[in-house]
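By written order: A, B, C, D, E and F. Residues from 1 in each chain.
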C-alpha cells in the first residue's frame, strides 16, 4: 500500500516531516486546524508521550513569542488547536517532529503557505534552539522516494549528510538551521493560503 | 448468532461501516445521537484509542468547516454528541471507520438521510483527505453477505478491488473517493430524515 | 448462601436481569436512584467498562428521546443518577444488561412500576435496537430457580429458546422484542409506584 | 501488637465493623467527619474499589432518602465528608462494611450516638436491602476477643450463626436485619453525641 | 553520604519523624508551607498512597476541629498547602508519619514553634486517636544517631520500648500519647516562630 | 552525535545542570518560559515523577517566599510556567536538578541573567535547604568536557570533590551551598537579560 507521497501544500497547517521507523525512513504529515473554543490543545494520530510533548513545546513557544510572530495574544484563548499525524494505525513517538509541528502551528496561526516540496526533521527546545536527530540517512532516502526537493535539518546534522554518498543526494537542496527563527524563515512563505481564515 | 444485516437507514446518524477482524470481514454500524448539553463528546462500544481518535478527528473537522457545511457554529456548544458502535462485547480499534464516523456526524448535524444500501471504509485526516485501509477483500465479502449494494472506498484502495475475482464483485457498485467532500457527496442524500430534529 | 430470589418490585428503578457467569446463569438486580444534583451519573457494583457503557447508552438514549418519553428535558440537569448492581464482591461485565438498565432508568424517571415477575436480558444500541446475547439456556434455568414467570429477550434470541427442551420452559412466558419502545411496553406498567416522587 | 479493642463510641460517625482477612476475623472501625465544603466525598484507609463503592452507595442512599431521615437536603452541599478506616498499612476491600458505613454516615449527619458495644457486618444495596456476607464464624470470634456484646447481621446470615457451637456465642446478642431502616433502628440511639455539631 | 541529622526547628512546619526502611531505621523531616491559593493540597517526596492518605487525614482533622484549634475556618480556602518529605530519590510509604504530618500542619497554620530535639512516629485516625506502629527499636537507634533527645510514641508502643536494653535508651525522654490533643501538647510550644506569617 | 555544550546564557530561565546516567555524567539544560495564563505549570522533556516534583517544590518555594524575592504575588496567577529539559528521547528522573530548576524559575520571574559558565547539581527541600546528590565525579568530568568553569554543589558534597584527583579539577571553581538563598546569590547576576520582559 503506497500512502506516502508529497502533495502541494495549499492548506495552512499541513507540513511534511521525516520519520525513522523500525522498517526504515518514511515521510509523515503534520496537520493542524483551528476551531472556535477556549484554547484547548488536542493531539491525535496514535502519538506517544514525547511526540505529544513536542506539540506542547511548539505551542508554548509560540504563545511566549506571540508578539514577535505578529500574533494577537488573545488568539490562543479564542480557538482550540487540533494537531493530527495521519496513519492512526502506526504508533509514533520521539522528539524529531518538533520543527515540523512548530511550522504547522505558525502556518496555522498566520495562515501563511508552507514552502513547496520541503520536508524537515529536528527536535525543538523551549528557548528556540533546534537539536539534531537520528536516522538521517534513512530519512533522506524516504524523502527522495516521495519526490521531496528540499530538506531542512539541524546544523549539527550536517555531518550526517556529509557521510552519505553524493549520488543519493542528487536533486536535493539542504537547509541547515540552528534556531526556530531560521526554521520559520526557511519553511514559511510570505503568501497567505487560499481562502485564508481571518483570525 | 446472526447479528449483522443491513437495515434501511431511516434514522439520522446511523451509517454502515466495514470492519476486518481476526475472524474475517464484518459490517458494523456507527450510531450517533444528540442531546441537549454543552458540547461533550461521548464514545461507547468497547472502542480502542485509535478508533476514538477517528471520532475526535471527524468532529473537529466538522467544527472547523462548519460554515462550509452550512452549520451554525453555536450548535456544537448546545448539544452533547454520543457515538456508539454496537456489539459492546467485541473490542474494536483502528482508523478505518473514519469516513463512517464523519458521515454519521454530518448526517446527525444536518439531519440528512444516508444513502440506502451503502457501506464504507476509510481513514480520515484532519485536512480532509481519505486514506486507504487494509482487509479490503474480507470486507467486500462481508458486505455481500449483508446484502450491501454500494461500497465507498479510498481511491488508493481501487487496486485492492482490481485484484479480487470479478465474480465476487457482482451486484456491487464502487465509489472511490479522495477527500471528505466526496465522501459526503456520495453518502448523504438531500432528503431530511423523517421527524428531523430542528437544531 | 442463597442471595438470588425475585422480590416484588414496589420500588422505582429496581429491575431483574439475567446474567451468565463462569459458574452458570444467575439473576441480578439493577437498582437506580435519583438525588438532587447536576446531572452526574454514578455507577457501582464492581462493573467493567462495557457494562458501564450500557448505562451510559441507556441514559443518553433517554435524554435524546425525552420528549417522546414524556420527560421534561431539564430533569436531567436537576438530579444525579446512581445505578448499582448488587453483590459488589462479584465483578460484572458485558452488554447484556442493557435493556435492564434502560427499564430501570425509565422506571426511575417516570416513577412507573416495573411488571411483576419479569426478568430480561439484551444489548441495547443508541438508535434504539435490541441485540441478541449469549448464555440463554443457563439464564433461563436461573430465572426458573428464582421463580421468575416472564422473560423478555431479543427477537433474534427466539431460536435459542426453540432449542431448549420444552419441559424446561414450563410456566414461563416469553416476550421477544426488537427495539426499545417494545422493551418499555413490556416492562413498565402504567401504575406509579407507591410514594412516587414528584420530579 | 494489639490494636483492636472496642471503645465506647462517644463520637459521632465512629462505628465498629467486622472484617474477614487471610489471617482470620478482625474488628475494624469506620470513622467519618464533616468539614465545611461543597459536598466532596474523600475516602482513606487503603481501601479497594468495592469498599469505596460501599461508601458511595451509603451516601447516595442517604441523599436520596434525606427527607425520611430528617435531613435538610442542602446539608450535602455545605459540607465535605471524609470516611476513614484505620490501620492504613492493611489493604481493605469488599462490600461487607456497607451497613457499618451507612451507620457511620447517618450518625454523622444526625449527630446521634451509636449503640454501645455493637459490631456489624453486611452488604448494602441502593434500594435499601441488606445482603449476607461471608466469614461469619471468624468475625464472631474476633468480636468476642474485642469484648463486643451485640452483633448485627443480615437475616440471611442467621443460618451461619446457627451452625456455630453455642458455647462460642455465649454473652452475644444478635440482631438480624433485612433492610437499612432496621439497621438504623438497631444501631443508632436517640441521644445526641456530646458537643453535637449544629449542621 | 550522611544526610540525616537533627537541626533546630526555627521554621514553622518542619518536624522530625522516624522511619523504618529495609536498611534499618532513619529520621526524616516533614516540611510544609503555605502559599496564597484556594485550598489545594500538594504532596511531594516520592510518597506512596498510604503516606499521602496520612496527610489528607491530618488536614481534614484540622479542618474539622478548626475552632478548637483556634483557627479561622476560611484560612483553608485562602491558602494552598504543600507537604514535602525530603530525599526524593527514596520512595516512602506507610501510615507511621501521621502524627508528624499533623504536627507539621498545625505548626504551619498556627505559626507555633515545634519542640526542640523531638522526633516522633505514630499513625493517626480521623477521630483523633494515635495508633501504634512497627520498627520501634530501629527507629530509636536512628534517633540516637541523629542526636534526638525526646521521642513521642503511641501509648501502645510503650511495650516495645520496655523490650529494648536500657543502655540503648540512655539520654532519651519518651512521651507516650493516645490522641491527637496530646500530640499537639507535647510537640508544639507556645512560642511563635521568628518572622511568623500573619494568616 | 555531540549535543552537549555550554552556551552563554543570554536568555532568562536557561540554566546548566549536571546529570548522572547509566552511561556516565552529562550536562543538561533547564529551560523555562512564561506565557499569559492562569498559573498553570507544564513540564516536558520525558521527566519522571521525582524530577517533576522538583519543579513543583521550586515553584511552591518561590510562591511562598515571593515577598522576600521581590516578586508581586499576583504574578503567579497571570502567567503559565512551562519547564522543559531538552533531549526528549532520553528519560530523566531524580531530585538532583532541584537547584537548577529553582535558579531557572527565579531567573524567569526576575528576568535576571544567570552567571556565565556555571553548572550545578543539588536536591532542594521545601524549607530552603540544599541536599547532597550522587555521581559527583562523573558529573565533574562531564562539566569539564563541556568547558564549564564554575560548579555549584551542596556543602555536603565537598567531601566528594576532595576525593577526586586534583588534576581533574584544574580550571574549575567550586561553590558549596547550604540553602537556597546561597544558590541564588551564586547563580544569578544583578543584570537583567537583554529584552527583559516586564511582568
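Operating definition for what follows: a residue touches a chain if its C-beta (ideal position, glycine included) is under 8 Å from a C-beta of that chain, and two chains touch if they have at least 3 such contacts.
As the structure is a prediction and not an experimental result, all values here were calculated from the model.
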Mind checking chain A against chain F and telling me if their interface is mostly the same residue numbers on each side, over half, or mostly different?
different
Just the number, please: Cα centre separation of chain C and chain D in whole Å.
30
If you average the Cα atoms of chain C and of chain E to get two centres, how far apart are those centres in Å?
52
Given which chains touch which, is the overall layout a line, a ring, a star, complete, or other?
ring
Please list every chain around the ring, with chain A first and chain B second.
A, B, C, D, E, F
The answer for chain A against chain F in the complex is residues 49-50, 53-54, 56-57, 60-61, 63-64, 66, 73, 94-95, 98, 123, 125-127, 129, 131-132, 134, 156
Spell out the residues on chain F that touch chain A in their complex, using ranges where they run on.
1-3, 11, 13-14, 29, 31-36, 42, 44-46, 80, 82, 84, 86-89
